[in-house]
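Notes to accompany the following structure.
Note that the chains are named A, B, C and D in the order they appear, and that numbering of residues resets to 1 at the start of each chain.
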Amino acid sequence: MNVNFTFSTSTRVRYSETDQMGYCYYGNYAQFFEIGRVETMRSLGVSYKSLEENDIMLPVKEFSVSYHSPAYYDDLLIIKTTITAIKGAKIDFSYEIFNEQNHLICTALTVLVFINKRTMKPIQAPASFLNLLESN
Amino acid sequence: MNVNFTFSTSTRVRYSETDQMGYCYYGNYAQFFEIGRVETMRSLGVSYKSLEENDIMLPVKEFSVSYHSPAYYDDLLIIKTTITAIKGAKIDFSYEIFNEQNHLICTALTVLVFINKRTMKPIQAPASFLNLLESN
Amino acid sequence: MNVNFTFSTSTRVRYSETDQMGYCYYGNYAQFFEIGRVETMRSLGVSYKSLEENDIMLPVKEFSVSYHSPAYYDDLLIIKTTITAIKGAKIDFSYEIFNEQNHLICTALTVLVFINKRTMKPIQAPASFLNLLESN
Amino acid sequence: MNVNFTFSTSTRVRYSETDQMGYCYYGNYAQFFEIGRVETMRSLGVSYKSLEENDIMLPVKEFSVSYHSPAYYDDLLIIKTTITAIKGAKIDFSYEIFNEQNHLICTALTVLVFINKRTMKPIQAPASFLNLLESN
């Protein structure tokens, strides 16, 4: 099913996340998208931690990102996350990151897969999760 | 110009690179691709460090990755990197990562851009770099 | 001079910060202490980013940490930071990290040194910084 | 018992490990000491991965480090690790990191504790490990 649920959260670029170019290192954005996903799910009433405690995990299968302009040390980044589709075991997220001047830093897409931790097989998205999405 | 220069290097998955799923965290692969790029350039005779000392930097513009199977703690990963094209200021790399059992872990593509550090503008790939690629 | 200025801030343990033991990796706390330092300085009216823009940097010279109990994924950690002394070019911070149940996770000490970025020599702590500390 | 078993391994500073000061970020050394420990144990014939598969884990309890001079991007660092003592459940390591010019970068100490993963209680160091140490 197509979905269109968006949530914004923020994170501040840490000193450890800069590199000698003076930019936020390109590899650190994966962590920011993770924060975006987790806080978006929390805003729906779904704790990713609880999902794992209930033997469901959600590894990333596909990930792509376009870097539009650099983020710098101490920038407060706005991570705008949208759940765009849930089809069978797959869930698609898209992301836009902006700085405080509302300048676009990067855009990204991920595909994640619901996995049963006991069987290690893909499973349908939990009904409770789908219900929360539909009622929002 | 299309290029097809391939080089393999390796890295071992650190404890810090695992997550509580027991997998190598999806965001850490960006670092492995960086190692692949840098060692591929070094094998050609180009030190990325020297490039920056000569006021050229090479930030990542586009990055996409498909995760085929997990890597685990202490796995010795083979990073196979190919320079596939250089067009104007852009350089394309593709990557395949394998474990020691020759199992495919992930594939990826990146587009990087040669930037003049003084003007912060895109520039043509250095002629010396192109010459080294052509003579290999 | 001895100082006793304390400030608390918080950070949530990211998935990327866990390891396969299921703990927050011991090496990631250095980043949390950095967040503690920076937010403590900001609460005083000092932006570490501005310090660097004014050619002063503050690298870590000594760092020690005792791990009392593990932090876990998604824990909201309270970082309690105290500036304990400023002597010449040196500034000492102490830290305590607690989880939401007010359980002590770890304690730490750091010594940092004010460095003039142009000369790369140690310098006295900026008077403006000392004044802000004294008026608090 | 006091021990004095030393082993050297190396790692190259990644771009991701630099910060905007142009130094290797102080928090990344914890990973380098981890590499030192793991490769020192491997040189003795002990795989840390196998230890965990046999329900023994070895978290860090105490960690202190003195930074003598900065490491830079692309530096090939030599990590010299010494097992200095094993007393009951505790194992002490000391570390020195040098760059290729044999310049001392930092020194560190860690105390780790052998833990039974099933009971989560400290346990004596495995006899097999002690035997390997004694025969070396």
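Here, a contact is a pair of C-beta atoms (placed from the backbone, for glycine too) under 8 Å apart; a residue touches a chain by one contact, two chains touch by 3 or more.
Note that this is a predicted model, so its numbers are computed, not measured.
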item: Chains touching both subunit A and subunit D; value: B, C
item: Most remote chain, CA-based centroid, reference being subunit C; value: B
item: Whole-Å gap separating subunit B and subunit D, where each centre is the average of the chain's CA atoms; value: 28
item: Geometric centre distance via CA averages, subunit B-subunit A, whole Å; value: 24
item: CA centroid of subunit B to CA centroid of subunit C, Å; value: 34
item: Sites on subunit B at which at least two other chains make contact; value: 15-16, 20-21, 27-28, 30-31, 34, 52, 73
item: Touching residues (chain side subunit B, partner subunit D) in the complex; value: 14-16, 30-31, 34-35, 38, 47-49, 52, 73-74
item: Residue numbers on subunit D that touch subunit A, as the complex places them; value: 15-16, 18-22, 25, 27-28, 73
item: Residues of subunit B that touch subunit A when the two form their complex; value: 20-21, 23, 26-28, 30-31, 34, 52, 57, 59-67, 70
